[in-house]
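Lettered A, B, C and D in written order, each chain numbered from 1.
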Amino acid sequence: MNFKHLTGLISAPFTPLNEDGSLNLSLIPEYYKFLKANKITGAFICGSTGEGVSLTTQEKKDVAKTWASCTKKDKDFKVMMLTGGTSIADSIDIAMYAQKVGLYAVSFTAPYYFKPANAKMLAACCKEIAAAVPEMPFYYYHIPVLNGCNVPMIQLLHEVDGIIPNFAGIKYTHEDFMDFLSCLRFNNSKYDMLWGRDENMLASLSLGSKGAVGSTYNYAAPLYYDMIDAFEKNNLATAQELQQKSIDMITLLGKYGGIATGKAYMKLVGVDCGEFRLPVKNMSASEFKSFKSDVAKLGFKKFCSVKP
Amino acid sequence: MNFKHLTGLISAPFTPLNEDGSLNLSLIPEYYKFLKANKITGAFICGSTGEGVSLTTQEKKDVAKTWASCTKKDKDFKVMMLTGGTSIADSIDIAMYAQKVGLYAVSFTAPYYFKPANAKMLAACCKEIAAAVPEMPFYYYHIPVLNGCNVPMIQLLHEVDGIIPNFAGIKYTHEDFMDFLSCLRFNNSKYDMLWGRDENMLASLSLGSKGAVGSTYNYAAPLYYDMIDAFEKNNLATAQELQQKSIDMITLLGKYGGIATGKAYMKLVGVDCGEFRLPVKNMSASEFKSFKSDVAKLGFKKFCSVKP
Amino acid sequence: MNFKHLTGLISAPFTPLNEDGSLNLSLIPEYYKFLKANKITGAFICGSTGEGVSLTTQEKKDVAKTWASCTKKDKDFKVMMLTGGTSIADSIDIAMYAQKVGLYAVSFTAPYYFKPANAKMLAACCKEIAAAVPEMPFYYYHIPVLNGCNVPMIQLLHEVDGIIPNFAGIKYTHEDFMDFLSCLRFNNSKYDMLWGRDENMLASLSLGSKGAVGSTYNYAAPLYYDMIDAFEKNNLATAQELQQKSIDMITLLGKYGGIATGKAYMKLVGVDCGEFRLPVKNMSASEFKSFKSDVAKLGFKKFCSVKP
Amino acid sequence: MNFKHLTGLISAPFTPLNEDGSLNLSLIPEYYKFLKANKITGAFICGSTGEGVSLTTQEKKDVAKTWASCTKKDKDFKVMMLTGGTSIADSIDIAMYAQKVGLYAVSFTAPYYFKPANAKMLAACCKEIAAAVPEMPFYYYHIPVLNGCNVPMIQLLHEVDGIIPNFAGIKYTHEDFMDFLSCLRFNNSKYDMLWGRDENMLASLSLGSKGAVGSTYNYAAPLYYDMIDAFEKNNLATAQELQQKSIDMITLLGKYGGIATGKAYMKLVGVDCGEFRLPVKNMSASEFKSFKSDVAKLGFKKFCSVKP
């Protein structure tokens, strides 16, 4: 199977929630248009940013169906769904649903309670899900900081190559550039290696990455497209300056408690996705006030995504 | 609320699976009788040993219903269900089902993808589930090696005491004896502290623990009851010798790849629960042969659980 | 070689420093008498508590000589010296010096920059130092939380038994009771297993430990002797209560920043050892005031060590 | 103070040892000429590669004196010495000796038994050593994988800037490119940020790094200079290919047990530095044979350093 390589910035959307914590599906069509207006090329739904792990299976299906529905006429916008949880049976169920509603691809991350002992066991897990949707591209989602699976991806590629026909690539959310470069070059660059650490995308570009999946592309896509453009014109000083701006923005995530800060940024760009569910901590009102002041100091208005 | 303290050995049953990986619910009534014949006082179902994380929500409910059905006339045998996954909504759903079919108690462990940042956030998670089944005892399941949540339990007790009326205690699967003793003594020993590390139960007895939940009580209950008896008669040399026997038995779990070895032990006592699901690795046929030989050297027959 | 087993409480002395950070050797004879008055049976010098790692080789020798000098007529008081650093050559030099000045035993901990890859490599290191002082008992110091060496001690015993004639035992500063019991029982309890976690000594007694090395025995020996006494009389409720008192005392170490808190306790019992050297953080004056108030609430006066 | 920025490849030399493990100082002049012939711009002695932690203080001084002696007329070749151990007093002693014999700079890494609790404590340690040699450039050596000190370097720069006049920069042996870029840009790029991960130097170039310190520059300098050249000519495909070659070479370090493999490479380029001291494991003769065969497959001859 020979899938088209994905390129450009793919957003990992937040899952919009109402004030009572229930799904706010009605925001999704607007969210999609917002991403398109900012040249985002696809969406990775129900991932970490999309807090898929905090949704029920039925809720994940509802999210999938809504994204499928509003993007179905747009063949250039690729929607990929994370199926992974700790139950392979659940993942297969969700993968098949993603296929049924017409999403472009599925993704899977290593089970994070019992963990695969090695690349062979991880490949065995991937194989079960990929085999359930043989016509869809399958992407492994590498995020050891959250799933605790430290198998090097070059080992996984060796295990799946020639064995899982629809294995299309890896969303790589880790800092092992040695492993990343080896994967990029594996078997004549056969696999899509989608960079997943927004704060050091510039480094990934120097190694040859062509596509990225991330959460800050939800609200600061122009910044990254400017950086890519500067890099391609070999204007490294500008690219470095823009990467630093991205770092300053991401540093505020740490300062304000982590992933939930992303939904706070979304409020600032006018796409209010609500709050995160437990166990994630959200900002208090006074923290949000202080956050807004910090964001203003960044000059966020100059590089943030804008509504159409 | 004032729950009766649980005492003695509570088994964490394996979930019986057929050769094709589907649930083998028909074995459960026999499994229950086997445990009763070996003086087990309760069952902690769908936990780590019961590979709850690898089951779908529906499958967990099916397991719950079957255990409820075959134990409903036995008020001395307490069945507790682990509801925990990463989705609080799922946990509440399962807790309410456990209540509906008449199980004794529910348990919950910290979400293990996004992790609670501190005791306060962990208590907030517990509160949501406990509040859904206010008439049932609620037990927190502390197992940092698997869920990655390192909040000391004495901090959790401070957060929930007086706040969650049906908080009944903790299944404590960790080696922090300092924390464990402080929890045991907290508020006049108000809470049940169920020891969860079979390989050092003797040490927990010296600190005053009265009940334990574990996987090796499934197949070696007589060994532990003999040890408890020796301890209570202040016959420490015998108790230490028996604890060493338990350690030798548990050392084989490490040698043969971990948790799946438990199901191999079950085959030897005649209660065949099948194999573990992915991502857990099972023994090969030749490993099983070697395992049986090692088990024979232990003198397993002399202290294993026996069928009625 | 058949060494006498060490029993009772062995103190790990703080190294007395002057206000300018230089060695205050003149305090050592008084320190020794203080320990004796509180029934301490030996001293483990230049260990973690003694901040040996922050001393120069010459300073370690000066400390060794001073302890040797003031204890040489007291054959019942055993002084053991930690030789370990990251350089085996340095360790051998110090071990030979310890022998020359007449100390009882030497100890060694795994190098903590480059780390031994397995039990075999760790045993190879031990062998070099032990062979330099073949007449002295050699004790391995197991403290993975500081040296990062996670080799199970039962594996080390298998590697050294019959190979290192003067291997006498292990100072065990870790919570792996499974490993500890197996070591205690190894080869007919041939080796001394000295417990090194004061906060859960009671659990170690139930497993059969007879001696302990720790820092809180410097200033609260009566508490622990009362606990041992209660345990030996099978008065577990009292033993548990005393262990809790020890835990409350140790909890203040965490609250006030760690190991330097020990020197603050020493000031309260009238043996002023000064402050810790960098990189350890000492209390500020206001923290010390707050600390004293917390200590008073513990009822420290009732169980602390007292000057003769 | 305004130090000249270091550029190009700085080697971290192995410490030459004789077969009996003693220092082989006589090889050092030849080693220096070998590095010069391969355009190496300096040497970072007694670091991790130089196994400084396994040497005695006197041995470190002997190594320092020998390097100073053979490089003293070469002002373009900068020798920097790692002073760090766990004793600040030792580090000061060594720093002053380095100054006395005329080395260019000193370096220091966080104590690795007791660890600095935060950036402030780490800065306090740096200050003591830097103040002892106020005329010499002082470089912090950031290598959390070995010293366990995870303080972000941007925090350290904030603590030392304006406080330690001779703080000149950081040897950065870690993969946190976000932190690295922020340090590079700190205070108008005031500080030297020397890259320390040979396997992903290409990524560091894209962020603007101008100098690097590493172990593989000892034996494969031409490979890296070719890569830098390709990068500067914006020929990324070639640069990526050369970085992959470096990765393949470094992958053999993992395969053959780690750091000692570096000395095996040195044998292949004709500069025999002997073996590593304990606790490091060296290759067996049969492993060395297999290693040589793997190295041949890499085409090592085409890019390795060559004798003058």
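Basically, contacts are C-beta pairs under 8 Å (C-beta built on N, C-alpha and C of every residue); 3 or more make two chains touch, one makes a residue touch a chain.
Predicted, not measured: the structure shown is a model, and the values here were computed from it.
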Far-end chain from chain D, centres as C-alpha averages: B
Mean-CA-position distance for chain C and chain A (Å): 51
Whole-Å separation of chain centres (CA-atom averages), chain A against chain D: 37
Shared-contact residues (touching 2 or more other chains) in chain A: none
Chain contact graph, described as a line, ring, star, complete graph or other shape: ring
Chain-chain contacts as defined at top: A-B, A-D, B-C, C-D
Residue ranges of chain B in contact with chain C within the complex: 175-178, 181-182, 184-185, 199-200, 202-208, 231, 234, 236-237, 239-240, 243-244, 247, 250
Contact set on chain C toward chain D in their complex: 48, 51, 53-57, 59, 85-90, 93, 110-117, 121-122, 124-125, 128, 146-148, 257-259, 277-281
